[in-house]
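Accompanying notes for the structure given below.
Chain naming follows the written order as A, B, C and D, and within any one chain the residues start at number 1.
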Amino acid sequence: MENIKVAVLGATGAVGQKFIALLQHHPYFQVHELVASTRSADKPYREAANWIQKTPIPESVAELRVKSTDEPLESVVLFSGLDSAIAGEVEQRYAEAGHVVISNAKNHRMDPSVPLVIPEINADHLALIDRQPHSGALVTNPNCSTIFLAMTLAPLQRAFGVQAVQVSTLQAISGAGYPGLSATDIIGNVIPHIRGEEEKLETETLKILGAFDGERVVPATMQIGAQCTRVPVIDGHTETLSVKLDSRPDLETVREVLESYTGFPQEVSLPSAPRQPLWVFDAPDRPQPARDLEIEGGMATLIGRLRPCPVFDVRMVVLGHNTIRGAAGAAILNAEALVAWGYLSGGRFTRAAADEHRQPVVAGA
Amino acid sequence: MENIKVAVLGATGAVGQKFIALLQHHPYFQVHELVASTRSADKPYREAANWIQKTPIPESVAELRVKSTDEPLESVVLFSGLDSAIAGEVEQRYAEAGHVVISNAKNHRMDPSVPLVIPEINADHLALIDRQPHSGALVTNPNCSTIFLAMTLAPLQRAFGVQAVQVSTLQAISGAGYPGLSATDIIGNVIPHIRGEEEKLETETLKILGAFDGERVVPATMQIGAQCTRVPVIDGHTETLSVKLDSRPDLETVREVLESYTGFPQEVSLPSAPRQPLWVFDAPDRPQPARDLEIEGGMATLIGRLRPCPVFDVRMVVLGHNTIRGAAGAAILNAEALVAWGYLSGGRFTRAAADEHRQPVVAGA
Amino acid sequence: MENIKVAVLGATGAVGQKFIALLQHHPYFQVHELVASTRSADKPYREAANWIQKTPIPESVAELRVKSTDEPLESVVLFSGLDSAIAGEVEQRYAEAGHVVISNAKNHRMDPSVPLVIPEINADHLALIDRQPHSGALVTNPNCSTIFLAMTLAPLQRAFGVQAVQVSTLQAISGAGYPGLSATDIIGNVIPHIRGEEEKLETETLKILGAFDGERVVPATMQIGAQCTRVPVIDGHTETLSVKLDSRPDLETVREVLESYTGFPQEVSLPSAPRQPLWVFDAPDRPQPARDLEIEGGMATLIGRLRPCPVFDVRMVVLGHNTIRGAAGAAILNAEALVAWGYLSGGRFTRAAADEHRQPVVAGA
Amino acid sequence: MENIKVAVLGATGAVGQKFIALLQHHPYFQVHELVASTRSADKPYREAANWIQKTPIPESVAELRVKSTDEPLESVVLFSGLDSAIAGEVEQRYAEAGHVVISNAKNHRMDPSVPLVIPEINADHLALIDRQPHSGALVTNPNCSTIFLAMTLAPLQRAFGVQAVQVSTLQAISGAGYPGLSATDIIGNVIPHIRGEEEKLETETLKILGAFDGERVVPATMQIGAQCTRVPVIDGHTETLSVKLDSRPDLETVREVLESYTGFPQEVSLPSAPRQPLWVFDAPDRPQPARDLEIEGGMATLIGRLRPCPVFDVRMVVLGHNTIRGAAGAAILNAEALVAWGYLSGGRFTRAAADEHRQPVVAGA
């Protein structure tokens, strides 16, 4: 079993808090350092953070002194929940200093040398880090609404081919961070726009579903049209999807393909992996954010209302926990995949030798 | 100026209350009778109704004795907000007794002999009543989410031709009537299903946009795929649309076509007609239910985020007041259209003579 | 360790569901029978219940056939979440048939022969069942807002004497059951009235804080003024209290008295007992329903803003989980107390012999 | 009829916007200048303000250039919705420059030389401005929850004498300004603390109900205990009151005293005055923020559930529109009172001559 010291960047923010909550009893990773803005630096975490989680601040973390983003860090792995205003430059700097940066920020997601990973789908893209232009590594996970779209499209693409998808989202307020939205703006309201969100859904998905040819990722070519809205829900992004396939499977086959989909995290039993990545509901009015988000600890993608589409082929409703599977949990699963892939053996980061490819190792074995 | 006695059927329900509130100072129609279920019958309205409107019960109505659906009525025009469980049979019976039933209920909307009317679009369908198999008339308005879809598609169809549309809705709880949804079910939640709603959007729209050939309505032939959800908003249905057109206009042309669209209600200045039926917003985060629903007294269709679609041609967000333009206000506008068309001159219902077609008369002239 | 078969009365309702969820892994009690209205009877539970809990229906319960309230039951202990419309008569009948009815319904709470118990405060009142006029037993827990008031007043009364209290509540919608309130009525609203609630706070509290003299309960004599409102919160009743004491302790003493308060459940370590019954917060804006309800599994009473009152002596804010400590959890704790008191040894109900008093036994010893 | 140029200070904020909306068609006051922070200065108002009102920005105001707080102003009357962080100093400066500052900010409310006025209650306190140590005038209105408490206590004090009151509030989020509260903090939640609010209720009320002896205001002496909470309601502060009186009137007498209460604004028919300042509801579950706030244009104080109190004498629920009667509308009514009192005749501010007292003049006469 590994015992790897990790730091949380942006530790006082909403994503940073979720990292701390999810890592509390993690079998590999131990929170050793907390990094936040200058305003929080040098304070004990308990004082620096306006803790908004439902579980109390872990004892082991409450008294840690918060470091600023200028300080050198001891941890090998850095989980980044930094605000995108500074994440690009700070993460770059830490990667150059040899750290393995596992980032939830958007800044580097579309860099050609940076893997954008959902390990059920494209764990092999992690090998991009063997050629990154610095001594550390930089790995990203997708946007909180992209991940549930990609998780749903991946098995459909593999089994039937996907030509086009129309997706319309109803996103929770926790996706806007904290303090995020003004209550005046969202109570009893719908805001029909989330800045930059539609572009992320339309571009990140293609990179994730793309093929790694040993050198670079060749994006998938399906058409994606996304429309994003904000609704007065605390946690849980809902998405309505209509998908045009290459072939015309019956619905029962589609369902089987979705429910049986697994990938690398399930094969090697990563600690944070959902046992079953995609759940399909029978009840006509499920899944619902207020009812179903605790399934698989928030790491599953929940699908309902699978039915034919009069315009395309199949349509459905997709739901996921945006701050767990859609953010902090996604990053932790990526870090676990790096461990299983051998990149962190001996508690330090080691690239594959030139001309070699890593083989995954069963986690903790 | 006409002075026509009207009854409200289902007067204690949410739609019935809205009829009463909207008709309070109406230039033609005067609420003369109130009809509700046996439970309410014989009580004064003030006592029978759990009044949920923000304005008080009109004085002229508060003490009216509620009649049961079995009683004969004196009013010429009956506005029906009846529950669909009984609307079909009750409305039929009143039409057979010679009344002009203007219904918001779903039951007769798709009957071939019943006009399903949005007077900006298809006021000419009203002539179907000349051939209805009873001495009265039965006129319906569409479902509360259909109306905003149809209002948006109508000018696009006329100017460019519409091949297909994907629509995903975020519907307010008032659309479920009163008491409607349990608070436990919808606070902080999304319910990704509204029974029968998607079918209504997909079928009613085609009838409304269809052509009346003097005998029957030939439905339009575009493809429509609808996905409907319920969100914790009191009033206001939001819809994201992606539309595939026959031609490829630039966005500015699309915008002009939408903003300049008017129809019969504007031509003859019906009292409840919005001055401008379709409003197009520039601000990237509008329209919003909590901010924009009072425009045009709730009778406008509000459009925002007009932009190209990577899959189809144009996409946009549409919003409307579901209990005004989407229900009671729609029915009242239909009744006003009947007046302008001459069907109610002299305060009683008169069909066109055989082989004749009515010509609209300017209202109140 | 006991292994006692229990039934849940009103199993499909909100409280019934919470009983099932909380009993899922209970060390003594095993859900053996489910009872509901005729409408649900004979159906498998999975089908009969509109399950609204966040955890799935326990496997062991999902396929149980629901019984009607007319059927004889095998279980010794019956947890009642029956609606008050029928609870009075049905519970009475089951008690006469020899069952131990542990009820959350209001009907029998104020019966002189029925103990109204919060076991931290008045576990000794349980001995009332030795003289009940039937072969079974009937034990009740207080109303969901009473319990947090009584839990707060009990240590104050014992330490300082309480002369008067003014309490104003902000109650969650789950307190109204399911479906309970219409979303139309409560979203973005306050309803300044809950039928019968103020009377319950004003009378039940006096019985709970009263003295059992071996024959009957002599109610406490303090003055209580309660005002109850409903707010758009899912779970968690908040109460502002102002208390007039006999003596004038300083705030630090009051705080110590509250935090150190324990009773019978803590002494004998009942399985559902909170370790610390009363938590006192320092942060000026806590406790909050959306943040703090998971403390002690929802079984604690949470106190904040302890400060002097310009009119009385001390004032504070009190919060508790209304469906756990305020309902199903309270009843389960009462049943655990009965076990510890020896009333259910050998898996059947045995009263104390005449002229004897039971002595509590350490649970499971 | 007067025609007085006014400026709005803090014009982009929530209160500033409400001033603009309410003054749109005012018979005396015409919005001539808008003042905001440096960030907004020099921009047209339409651009500077994130307009959150339901009615559109008045045409006459939309293109006004926003001035900074450093600029000299032409207007005689300045309505201040400034943030308390700067209101104290800025308002002082404008008063010294000869302007009549009508402020909603808290900063000067308790200054001995500044009248804190609800004109139904203490319009005579306005005469304090005759002795203010600057050439202009500074008049304040109370906090948004104080006003409804004071409006309710004033007739009770006059008729029966008030010894003590316990008040517990449920305040709307608009009371926190804009953007104000984070949605994450308040959706589905209660925050049991509003900084400084309880102190305002406990002190401002005594000043308002105090007596002006020609030189100074001698505060009233009743005991007031306030507890304040924030609830997820957009507009409308609800308060539960329990009041101890000197005498013991029956409830019907209390009701008559409340309903018949009027003051200076009603006597001289000020334009913004409610016809009936206090409304008493019969329905057991009214008043409610989502239903009743539009009564009297938001300028009334709404009372319900009048009943005896087991601890004090009478208790009741009070509701008011916090941004209209509780803020901008209160200030406008104060300015109207100044006009009626003759302080603004000829469109400029004139104090009473030494040793004189002004007599009110009927507005517009």
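Here is the rule we use: contacts are C-beta pairs under 8 Å (C-beta built on N, C-alpha and C of every residue); 3 or more make two chains touch, one makes a residue touch a chain.
These numbers come from a predicted model, not from an experiment.
**Q** Taking contact as defined at the start, I'd like the list of chains shared as neighbours by chain C and chain D.
**A** A, B
**Q** Would you indicate which option in A-D, C-D or A-C repeats the interface seen between B-C, with over half of the contact pairs matching by residue number?
**A** A-D
**Q** If you tally contacting C-beta pairs, which pair wins, A-D or A-B?
**A** A-B
**Q** Could you grab the centroid distance between chain B and chain D? Build each centroid from C-alpha atoms only and quote it in angstrom.
**A** Taking the mean C-alpha position of each chain, the two centres sit 42 Å apart.
**Q** As a quick test, compute the distance in whole Å between the mean CA positions of chain A and chain D.
**A** Centre-to-centre distance between chain A and chain D: 49 Å.
**Q** Rounded to a whole Å, what is the gap between the Cα centroids of chain A and chain B?
**A** Going by mean C-alpha positions, chain A sits 44 Å from chain B.
**Q** When you check chain D against every other chain, which residues touch at least two of them?
**A** As it turns out, chain D has residues touching two or more other chains at 52, 187-188, 232, 234, 290-291.
**Q** Which bits of chain A are touching chain D when the two form their complex?
**A** 14, 52, 173-174, 178-188, 232, 234
**Q** Which residues, counting only chain D, touch chain C once they are in their complex?
**A** 164-166, 168, 170, 187-193, 195, 202, 223-225, 227, 229, 231-234, 236, 238, 240, 242, 284-291, 304-305, 309-312, 315, 317, 319
**Q** Quick check: in the complex, which residue numbers of chain C touch chain A?
**A** Chain C reaches chain A through residues 52, 54-55, 187-188, 234, 290-291, 293-294.
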